[in-house]
Every structure is written in C-alpha cells, then in structure tokens.
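Pasting the structures in now, so scroll down.
In what comes next, subunit A is part of two complexes: it sits with subunit B in the first one and with subunit C in the second one.
The block that comes next holds the complex of A and B.
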C-alpha cells in the first residue's frame, strides 16, 4: 500500500501537487479551509500575460486532481509528530496518519484599507485589483459606469516597509498592465494611467504586454508613487504623485482608481507554523531548507512546501513549484522514509 | 509703495486635467511611435545639440504628455536633425520624423 500524503491548501499549488502525487500512486488527502477549491484563481477572470481565461486553467487543474480525497471547510486541529509520520486531527473529526505533509497555504491579498491615504473603503471610486477582476468576471460593479479617466496604483502593500511589506509582490506590475488593457477594451474612449516606481515585467511575453499597452491602447505610464488621494464634491478623485521622470509634482482628476494590492503571507501561516513547528522568516513567509537547491523542503523532515507559502510567485512558478514538491516527496518516501533502522541518519545526510 | 518682493509664481505642478487629448491623438495618428517611448534617455545622452543647449526628445515627449507643449517645442528648438538619437533608440523610434511631426502639430496655434 502506498503512503498517505496530506496536502494543506486547495489552491493551484495544492491541486497540482495532488494530481502529480496521485499519478505516482500515492494516497492523497487534500484539505481546504474555505468552502471552494481553487484559491484566488477561482476569483480571477483572465491571466497575464496572454489573458487566458482563469476558469480554463482551474478546470484543467480540477480535472487532473479528480479522485483525490478533498475536504473543504476543513482545517487542522492538531498535529503530532510520531517516529516518522504525522498524526493529523482535522476539524471535521477525521484523523489522518500521513507520511508526508505538503503545505500549500498560499497568500492573502494586502488589505488596501490599511493604506488610508488611498481612501479604499472611504471614497466610493477607489477599488482593488481583485474588485476589478470580479467586475470583469461578472460585469457588475456600481462603481464602474463608463469611466473616462482611470488610474492604476502599483505597489499597494508592496515595497512599503511602513506597512510591513518590504518585498515586491512580483505579479502586480503585469496584472496592472493586463487590467489597463482590459479596461481600455471595455471603455475605448477612456484615458488610463499607471503609476509605478519600477515596472517589473520580468517574464516571457511580459514586455510584449507592456508594449501592447502603450502602443495599441495608449496607456500612460507615470513613474512615481501615488502619495495622496482625495474626493472631489462630484465624487471624482483628485490624485497626487510626483512624475519622477519630469521631477515635478503632478495632479490628475480620475473617475476610478484601482489599487494593485500585493501578496501577503496567508493568515493561516501563524497557526500552521505553530502546529508544524515551522519557522517563519521576517517577511512572514515560511523558511525553506535552501532557497536555491531545496526550495520545497521545510526545515522539518517530512514537511514540504509549495507555491506562495514560501513567498510571492506567479501562477506558472507556483505550478512548477508544486511539481517539484511532488518529486521531492517521492524522493523522500522512497529513499529516506522506508529505511526504519537508518531513518535518522538518512535524514541527517539527505534532508 | 514699498516693493516687498512678493509676487505670484505660476504653479510648476503638472496638471494632467489640462492635457489636450485631441491634439495628442492627432500627433499619434501621424506618429504612433510617440506612444512607445519608455523614457530611457538614450536620445538625450547622445544629442549633439544637447551638449550646449537644453535639447531632449525624451523630455519633449514627457512634456507633451504632461500638458506642456511649449516646453516640448523649446526642447526641440535646437535640434539639427543629425539622427544620432534614432541610432540609439532601443524601441526603434524614427526620432527625426517624430521631432518634425511634434513641431508641425504643436506649432499650429
């Protein structure tokens, strides 16, 4: 009989790893704390850089993971480390004896309310990237009624030490450029502005997306962080930034402002970390055995990590990470785990 | 009257609400490449005139987009159309052509 593997988190990383491990013949148990599988992907409309429908990608992941035992609305109540395995009690009353645990707890979007100067939750016409994505998906949002001037604010809750978010979230630049194009497609007469500090369009086809936004859609990119937003009497927004290329303060009146909320460690990290005895780094993400050569192995033998649990990642990076984690788990369960007599020694040498 | 030396200084702030969209679209129709400048500054770095008189295509494009076409014209006034900027532009903008078009569109009163 093949080993039990518990996967925590039913987003893209958890689904991909489930599918791979099931293919290898393992007995996979996937738990998801919310009511639905798919994580943030289930809430997104289209994906950068090629604007592939998110539903298609998620559909593929779900089909591949068919047959995996899934428990939604389920969390971990307690975990005990036995000799080699983990005894996991779930909130649904079930207990799982698992030989390997994969943590794919993902990320949360930065709560834009915390950047009060941008007025999210205060001014009606300020929304987030997730709100806009929901609008693209459903076509419903009272805030969007033929807007003439639209702004995108990059780095909301990223590269912002004061908000406790020092690092770059990696995905927002490309998302902003994608959404700028999509809003221009929806409202061709609108003027669209992107406020950025650096444009971090590092991936394949990302630069093409940037060029397309400039060339085909006339999106204006302004280097400078939005510093202040206020509401005019007519409900429009007065936005202030510095154009740091021109070295001059700048103001513009907008009908809609979209905040690119960055990636934050999942709120579940703290609890999970305590359960699993796993270290969290200063940035709030789980630490790994080696950031270069063992990015899917936690410092605890038998506990693996995949996806945004170890820092911001794009979707293809997350999926590749999940496949790599599946390989690492297979290696552990064939090379280290079965040898009961030398287990401790092998862990020392090979973990 | 004693002159205290106070006066009104015109705001140097960029006001994008004053941006002339129609005129810009007229330029962009003639010269779509005006949209793809990424403000790298290569043109300004090699500008022969720029060594002596403030001359910068990068700044001119920026000024147009920031509703200050007068400054844009000023920035191109001393251009001698030598074409060094077109050799270094990483996005392959036909800079000489663009400079002539900017002058044409924005010199019209």
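The block that comes next holds the complex of A and C.
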C-alpha cells in the first residue's frame, strides 16, 4: 500500500503537487481552508505574459488532480510527530496518518489600506490589482465608468521597509504592465500611467510585454513613487508623485488609480508554523533546508514546502516548485522513510 | 469618500489621554498671535469642566524654534526640555500637556531619542544637574492641549449654547481642519487619528455639529515651515504654500478653518490678506476671507464666550460673517476695546479683503 501524503493548501502549488504525487501512486489528501480550490488563481482573469485565461490554467490543474481526496473549508486542528509519520487532526473531524506533509499555504495580498497615503478604502476611485482582475472577470465595478486617465502604482507593500515589506513580490511589475495593456484595450482613449521604482521584468517574453505596452498602447512609465493621493471636488483623484528621470515633482488628476498590492506571507503561516514546529524567517516566509539545493525541504524531516510558502513566486515558478517538491517527497518516501532501522541515520545524512 | 474607511483608520490611532491632573506649558508665540486662546483653554478646563491643570511661571521656551532653525545644539534643547520635566515632577504631576505643536513634536522626538539612546538621556540628566541642580522625571503621559479638548469634546458639546450650524439654513458649517505638521507627521502613533487622516480636530467638529471638508491639499503645510518664513528671501515660498491650500479648498466653500498649531492659524489668516491685496482674490463669500481659528476659539464660540473676549478681533480675516452664520450675538462697537474698556484703535481697512 502506498503512503499517505497530506497537502496543505489547494492553490496552484497544492493542486500541481497533488496531481504529480497521485500519478506516482501515492494516496494524497488535500486540505484547503477556504471554500474553493484554486487560491488567488481562481480570482484572476488573465495571466502574464501571454494573457492566457486563468480559468484555462486552473481547469487544467483541477482536471489533473481529479481523484485526489480534497477537503475544503478545512484546517489543521492539531498535529503530532510520531516516530516517522505525522498524526494530523483536521477541523472536519477526520484524522490522517501521513508519512509526508507538503505545505503549500501560498500567500496573501498586501492589505493596501495600510498604505494610508494612497487612500484605498477611503477614496472611491482607488482600487487594487485584485479588484481590477475581478472587474476584467465580471465586467462589473462601479468605480470603472469609461475612465479617461488611469494610474498604476507599483510596489504597494513590496520593497517598502516602512510598511514592513522589504522583499520584492516579483509578479507586480509584470501584472501592472499586463493590466495597463488590458485597460487600454478596454478603454482605448484612456491615458495610462505606471508609477514604478524599478521595472523587475525578468522572465521570458516579459520584456516584449513591456515594449508592447509602450509602443502599441502608449502606456507612460514614470520612474518615481507616488507620495500621496487625495480626492478632488468632482471625485477625481489628485495624485502627487516624483518623476525621478525628469527630476521634477509631478501632480496629475486621474479617474482611477490601481495599487499593485504585493505578496505577503499567508496569514496561516504563523499557526501552521506552530503546529508543525517550523521556523519562519524575518520576511515571514517559511525557512527551507537549503535555499539552493533543497528549496522544497523544510528543516523538519518529512515536511516539504512548495510555492509561495517560501517566498514570492510567479505561477510557472510555483508549478515547477510543486513538481520539484513531489520529486523530493518521492525520494524521501523511497530512500529514507522505508528503512525503519536506519531512519535516523539516513535523515542525518540525506535530509 | 468612504467615511467608514476613515473610521477604521481612526480606530487604529487612538492614544491614551488621562482625564485629569496636568502640568501645562504655554507656547512662546501663541500669546502674541491669539492672546485669548490659552486663557480660554484654562478657563474651559479649570472653571467649566473642573479639571486640575497646573502651570508655573518658571517654565520657559522648549527651544523648538531655534532647534528647527538649526541654531541650537540638540543636547541643549534636550536639557531645556529636561528642565521643564523637572518642574512638572517638582509640582507632583505625571501628565504633561503643552499648548504648542512644535513643542509637542519636540517632546515626542526627545523622549523617543532617549528611548533609543539611554546614554544620551543619562548625559542630559548630568547636564541638568550641572546647570540647574535639578533632577527630572519623564512624563507618564504626554499630550497636546488639542488632545485634551478632543478628550473633553462631548463634555463641551453638552454645555454648548450653539452648534457649528448655519442658523439661517440649518445646514452644518463646512469646516476645514488643519493640524500642525509636528503633531503627528513625525510620529503618527502619537496623534489622535494618525498622520494621514488625523481625527483630533475632526472629532471636535463632529461633536460640535459641523461638517468636515476633505480637500486635495489638506495635508500640505500651512506655509509657516520655519525656514520658509524665518528667512526673508523664502517668504514668497511660504506664501505660495498657503495660496496652494486656498486654491485647493476654494471649490468646497468652507465656512471656517480650525487649527491646532501656533503658526498655522496665523499664516492661513495673514496670508489671505496678502493674497487679497496683491491679487484681489478672496476665498470667503462676498469678498470676505475664510476665518482661521484655533480650536480653543471654536470651543469658546460654541460655549457662548463673547467673541471679543476670545480675541477674535486679532485675526486679520474678519469673523463677523461666521458669527452671523452661527447666530452669535456681538457688539461691533466693542470689537477694539481693551478689557478695561479703553479704545485700542481700529486697524486701517483693507483695500480688497472685507
């Protein structure tokens, strides 16, 4: 009989790893704390750089994971380390004896309300990247009524020590460029501005996306941070920024401002870390055994990590990470776990 | 504007303000700019509300103006502050309330610096002992006088004889609030409501029946800004800051500006005269300006104080249109009479500003 493997988190990483491990013949149990599988991907409309529909990608992941035992609205109540395995009590009353645990707890979007000066939740015409994706998905948002001038603010809750978010979220620049193109497609007459610190567009075709935004859609990229946002008498937004290339302060009136909320560690990390006895680094993400050679192994034998649980990742990186985690679990369950007599020594040598 | 969003932020920036027993220190410049404001604060808190607010004639400047003009070493200014704290302790108080925003900012900065660098605090103790033979205790609670009026806003509302309401229309007066930069911009957690959407003055206006105006340049400096004004060559810059604010608030047609800083009401008041006389432009109704009052003056008005006892005649912008809107009775003939009834003389009328 093949081993039980518990996967925590039903986003792209959890789904991809589930599919891979099931294909290898393992008995996979997937738990998801929300009501629906798919994580943030389920809320997104299209994906950079090629603007493929998120639904298509998620559909593929869900089809591949068919047959996996999934429990939604389920969390961990308690977890005990046995000699080699983990005895996990779930909030739905079920207890699972698992030989390996994969943590794919994902990320949360930065709460843009915390950047008070940008006025999210205060001024009507300020929204986030997630709000805009929801609009693209549903075509419904009362904030968007034929806007003439639209701004995107990069790095909201990323590379910002003041708000306690030092790391780069990796995906926001590409998302902003993608969304700038999409909003231009929706409203061709609109002027679109992107306020950025640096453009961190490192992946294949990302540069093409950036050039397309400039050449074909006339998106204006302004290198400088937005200082403050306020509301004019007519409800439009007054945005103050600095254009560091022109070395001038800048003031522009916009109909809509989109804040690119960055990735933050999932709120579940703290609780999970306590349950599993796993360390969290200063940035709030889980520690790994080795950042270079063992990025999917936690310091605890038998506990693995995948996706944004260990830091911001793009979707392709997340899926590759999940596959790598599945391979690591396979290696552990075939090379280390079965040898009860030498288990501790093998862990010492090979974990 | 999403009011609930602001409420959420306000709920995160609340500070503990003890109800009673304060050592009070005055501002260097407010007594000349708005001579009755501090007296009104003491009268309301002591005589109307029955609070214990102690002051001594032995306190001095905090050194803030010199500090922000780069003309005094930080250790010297800290020693001056330490002496103020020593006076507080000597008189048996633990709660410190100051009238001046710059002082408040400097006290906050000093206490935070001592927290970060205890060795510096030790050195200041030594300095104070060597220079004055005094020992100091840090305040248990440090508040600005506007924090206290905010704390008492509902008590004041309960005793108010009128509201911030236009008696002719029944509509709430539209009020612009302007906090001093040193109130919470340096340490958002030290101010009621934080730095971006401060609540300290908003709370008063709401309690007293007015309606707050949030306009685009709300956060902008009043134009004082120390070196913008102290250096004569920079005064045009000071004026342009004030001008920017008035241009921004103009479409909202405010009836009144309320402030909690010594400099802000002065500059928002006097520069309206300069703008009017140099460009012909006025921002109030029918050629009038927009009165820029201190929070003590506004509290006094709702509590029924005589406007001339509140010192409102010392403002450049005439307050009569505001008094008429509020239904305040006043005797125009007494506007420029001293406390003893002696005629102090009237200023020359302005060419443009009514």
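Following the convention adopted for this analysis, the second predicted complex is superposed on the first by the 351 of 351 C-alpha atoms of A that agree within 3 Å, B and C clash if a C-alpha of one lies under 4 Å from a C-alpha of the other, contacts with A are read in each partner's own complex, and residues count from 1 in each chain.
Keep this in mind: a contact is a pair of C-beta atoms (placed from the backbone, for glycine too) under 8 Å apart; a residue touches a chain by one contact, two chains touch by 3 or more.
Quick caveat: nothing in here was measured; it's all calculated off a predicted structure.
Enquirer: Would you mind checking whether subunit B and subunit C clash or fit side by side on subunit A after the superposition?
Expert: In the arrangement built by aligning on subunit A, the partners subunit C and subunit B fit side by side.
Enquirer: Quick one: classify A:89 as touching subunit B (first), subunit C (second), both or neither.
Expert: neither
Enquirer: Which one hits more subunit A residues, subunit B or subunit C?
Expert: With both complexes superposed on chain A, more residues of subunit A are touched by B.
Enquirer: With both complexes superposed on chain A, which partner does A:228 reach: first (subunit B), second (subunit C), both or neither?
Expert: Touch status of A:228: second partner only.
Enquirer: Touch test for A:191: subunit B only (first), subunit C only (second), both, or neither?
Expert: Only subunit B is touched by A:191; subunit C is not.
Enquirer: Determine the nearest approach in Å between the Cα atoms of subunit B and those of subunit C after overlaying the two structures.
Expert: So the smallest C-alpha to C-alpha spacing between these two chains is 6 Å.
Enquirer: So in the complex, the part of subunit A that touches subunit B is made up of which residues?
Expert: Per the stated touch rule, the residues are 191, 193, 211, 214-215, 218, 220-221, 223, 243, 245-246, 248-253.
Enquirer: If you look only at subunit A, which of its residues touch subunit C in the complex?
Expert: 113, 116-117, 121-124, 228, 230-233, 238
Enquirer: Across the complex, what residues on subunit B touch subunit A?
Expert: Interface residues on subunit B, with respect to subunit A: 12-17, 19, 21, 28, 32, 35-36, 38-39, 59, 62-63, 65-66, 91.
Enquirer: Using the touch definition up top, name the residues of subunit C that touch subunit A in the complex.
Expert: 1-2, 5-6, 8-9, 194-197, 214-219, 251-252
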